[in-house]
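Report on the structure given below.
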Amino acid sequence: MIKLFRTAAVAAVTALALAACGGGASNPSNVSPTGEIKPREISWLLSRPADGAVINIMKKLADDYAKDHPGFSLNLITTPDRPSYIQKLETLAAANKLPELFDTDATPFAQQLAKQGKMVDAEKLLKDLGVYDNYRPSALDYQRFDDGSLNMIPFQFELEFIWYNKALLQKAGVSVPKSLDDLPAMCTALRKAGITPIAIDGQDQWPLERYVAYQPFREAGPDFIQKLKKGEAKFSDPAGQKSVQWMEALGKAKCFQDGFSSQGYSDAQNQFTSGQAAMYNIGTWELPSLATDKLNPAVRDNTDFFTLPTTQGSVTAANEYVSPSGIGMAVNTKTYDPLVSDFLKFALVKYPSEYAATGALSPTTNVETAVPANATPLYKKALEKANDLGNEQAMPWDTQLDPTTNGRLQQELVLLVQGNITPEQFTSTMDNAVAQNAPKFFK
Amino acid sequence: MLPNRSRLSVLVFLLPPLLLYGAAVLFPILQSLVLSFFSWNGISDMEFVGLANYVRMFTGDDIFWRSFFNALGYLAICLVLQLGGALLVASLLTSLSRGRELIKTLYLLPAVISTVAIAFLFVRIYSIDPVGLLNQVLQWIGLGALERPWLSDINTVLAAVSVPEGWRFTGLYMLILYAALLSVPLELEEAARLDGASRWQLFTKIRFPHIRPVWITTTIMATTYGLRGFDIPYLMTNGGPGQSSELLTTYMYKTAFTSTDFGYASTISVFIVVECLAAVGLILFMLKRKADA
Amino acid sequence: MTAQAAPITRPVMTSPDSPPPLRRRRKPSLYGTLSKVLIALIVIVQVYPLAWLFITSLRTEQDFATGDPFALPKSLTWDNYARAFETGNLGMNILNSFIVTMGANLLIVLLGMMAAYALQVLGFRFSKVVRGLFLIGIIVPVQIALVPLFIDYSTINLLDTYPSMIIPLAGFALPMSIYLFSSFFNYIPRETYEAASLDGAGPYRIFGLITLPLSVNTVVTVVLVNSIFIWNDFIFANTFVLSEELKTIPLGLQNYIGAMGKTDWTATFAAVCVTITPLLLVFLVLNKAMIQGLESGATKG
């Protein structure tokens, strides 16, 4: 029995060790491999809607490519639910089984993959394909790691706005806020008029996390989060405190719907589109439901949006806010060969025009987005904002912080906004969490 | 033991199941045990850290203890609902003369629905804005003062996520207990009734002692399933608000797959295994002693 | 096998499943009425969610978004079902779930029976140790096996196959199956075996000719109870399956999740209704046999 156990233990360690080592011998900066193009099946592990534009277009492009290269096929493995996707990506990475292409945000985990040379240098790749200059700088910046290196290719470009219902604001006697600091008072007025001020998807947690990023972005600029995540800046610093106090004020003014923490994405949107909530913070990926005739006729003409308000002494400008280019696509170094290279060249050149034709913003500037026939005037107005962006952008914190701190922040934020903990408790818990977890990820 | 059996025949029957079980269950547990002494994020090299993970778990991790006590609370509510509810319904059912089969079937139905749908349904039931079923019912019966966002209130959320889990499998345990209750010899009951025993006495003195062995089994089943609970809290609240509904299992899962701290997650796994073994031992010990007394 | 065969296969020890009809017929009392009301209430609580699920799957999207989710819908529509079939690949998902469920059940039943036979009928010196070993499987949470299994699978190239799902599902269900079979085998009188042994039957023949045919009800029980869990399993499928062609139902349901977590709920519910139908049908047809099997396993403790 004991002998059996010992054998098993040895086997266990061996199996784990086998999985842990091994890996890419290829060079991440070798972007134009030489040799013959041998068509085969390649896979793309992605986290995008199964029936969405990106997948449909890439499927079509892959089919076109296969016509000239018999034997080629693109296997799209999508897991739209982000937490499930991340779990899958991590297990695959742990087992050293990442496919040719895979999606990831510029997270600390991805950075570690990049450091181990597992992702092809995307900047070199795009330059080599001659498409680098087509990309919007901010779309690429969103994908970059802290050190400026680029390993992911964007397929989208989105702008986040605060959508609002003109009639409800009027009813409460308030107007569009000039400063972020106006928001709590605005919520109080709306509540007095019996209106839910802001509809928020609390279940998915990233929406609330956006709010904590706003004040520091205005107060201290994009550097704050870069420092905070490494423990070089703290929540107890002035910019951090301003954010903490503001979040508490939002909670006290009952800005979000009651019981928001357990309400999902659709619930929140329904509250806004049914005319119950006055404001709704969401990106241009929702244009088809907010700026076309699909929108409930009762609120259609009353709907408008404003961009992230500034504050007094704001170091960032009004045209600088959250403009993500979505989850990016990384290219696996280990399996990068002439075929992958050739297919990417084929697809990335043709992708933007196809994508813009669906009414979405392309991550490149060389194409014009088609406004759908059923769009309201807001659609065009929203698209035009993309041409008028500043140089800085507010990064969503969930892609920046190490995962453990991020999870803790999401949990503590809800407590702070609900008034279950004080700003002091919040500050010390979070600063401790960063101190404890950041060193492991940002060595 | 069968007289004509050979050693070989035992092996023939035992080896295949043991192989599957060893490969799918025992070996991974062993691997977890090994991993629990390492620090490993899945992609970099494994680093041996000795007992550091255990020290961190017991002394330096407030969330661990929080989830441990939450898991106990969750377990308690599930047990009350599953065992108490099952015993109640089973007893009631024995007094019914018709329609038992139908009720037994209906009672099992929730078990077939996927947890995703159950979680979504209960989120609606607990909701306050728009008003959900629970708050509406409270309003109707004049308990409007109790209305609240059940899943956002840190005082009610643990109970709120436990109830669906308890509710789902009540039917299963009810069936088992019901069968046991039917096996109570009629003569015993009749004799006690003639002696003037009340319904309650009948239950505590005759019926319950008779079904005790089955009761032990069901308690063990319900306890271990309760300690394994995962889907519903994970889907409904993801452990929140704060850590109010974080269980050891959800915390372990997040540590592994969100924080990519596989070593530490394995340490928590080992703790869960030990905890479950201890719980079963405790139940056996308590119930056996009571039976002997 | 149909439920009619059930009473015959049950060995006569105690007979919990066929209570004497006159058992508790007394004049209606307060207690009786009260318990009937209580039972009715509880049944409503148990059945309501399923009804709600079905009704919601017939609501229009607009009605679902804006109306009271618990009121009766203003109008009914089958559009959600059309969308459900359009978006997902329900047929294939159901087929995959079927293959996985059947495969796992085959292993669970066959191996469970064999182990129980070895433990309960044949018996051997270390049977207590082996029993204890199997008990661990009832106890530990399945999540702990994910990472190790994933690594093991990738070293032996078993990822993204049916067995990768079937093996852990069967492995973790095996202990409960062994337990149910053991307690059932306990009912089969020793004399039956001894008589067969005297006739010269060896352990294999006894297994094939006596144990196996007698266990039909328990088999049904084990299959149904496990099918419930396996049919809805998400965690193993999500971890080990990569290709579209192998996705089971719970993974297929994920296709209804759109950008940033926006979900088409009415279509999802329609899909849920479609996907639980096979399970529900089997369940309704076989439930009598299952209940009997459960009960026979239970009364011994």
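Worth a mention:
First chain written, first letter: the chains are A, B and C, and each begins at residue 1.
One rule holds for everything that comes next: a residue touches a chain if its C-beta (ideal position, glycine included) is under 8 Å from a C-beta of that chain, and two chains touch if they have at least 3 such contacts.
Here the structure is a predicted model, which is why all the values come from computation and not from measurement.
Counting C-beta pairs in contact, the pair that comes out ahead of the other among A-B and A-C is A-B.
Among the other chains, A has the CA centre that is most remote from the centre of chain B. In whole angstrom, the spacing between the mean C-alpha positions of chain B and chain C is 17. Centre-to-centre spacing of chain A and chain B amounts to 37 Å, using the average Cα coordinate of each chain. Chain A and chain C have Cα centroids separated by 39 Å. The set of chain A residues touching two or more other chains comprises 12, 15-16, 87, 91, 94, 264. Residues of chain B in contact with two or more other chains: 26-27, 31, 35, 42, 262. Residue positions 146-148, 151-152, 265 of chain C are each in touch with at least two other chains. Residue ranges on chain B touching chain A, taken from their complex, read 26-27, 30-31, 34-35, 40-46, 123, 126-129, 149-152, 154, 236-243, 254-255, 257-262.
Contact residues on chain C toward chain A in their complex (touch as defined above): 62, 65-66, 87-88, 129, 146-148, 150-155, 159, 238-239, 242-244, 254-255, 257-263, 265. For chain B in complex with chain C, the residues that touch the partner chain are 1-7, 9-10, 12-14, 16-18, 20-21, 23-29, 31-32, 35, 42, 85, 89, 92-97, 101, 103-118, 120-121, 124, 130-133, 136, 167, 170-172, 175-180, 182-183, 186, 199, 212-218, 220-221, 224, 227-228, 230-231, 249, 252-253, 256, 262, 265-266, 269, 272-273, 276-277, 280. Across the complex, chain B is touched by residues 14, 16-17, 19-21, 23-25, 31-32, 35-36, 38-39, 42-43, 45-47, 49-50, 52-53, 68-70, 107, 111-112, 114-115, 117-119, 121-124, 130, 133-149, 151-152, 167-168, 170-172, 174-175, 178, 193-194, 197, 201-204, 206-207, 225, 228, 231-232, 234, 249-250, 253, 265, 269, 272, 275-276, 279-280, 283-284, 287-288, 291, 294-301 of chain C.
Interface residues of chain A facing chain C in the complex, by the touch rule stated above, are 1, 12, 15-16, 18-19, 43, 45, 48-52, 75-77, 79-82, 84, 87-88, 91, 94-97, 99, 201, 204, 264-266, 269-270, 273-274, 283, 285-286, 296.
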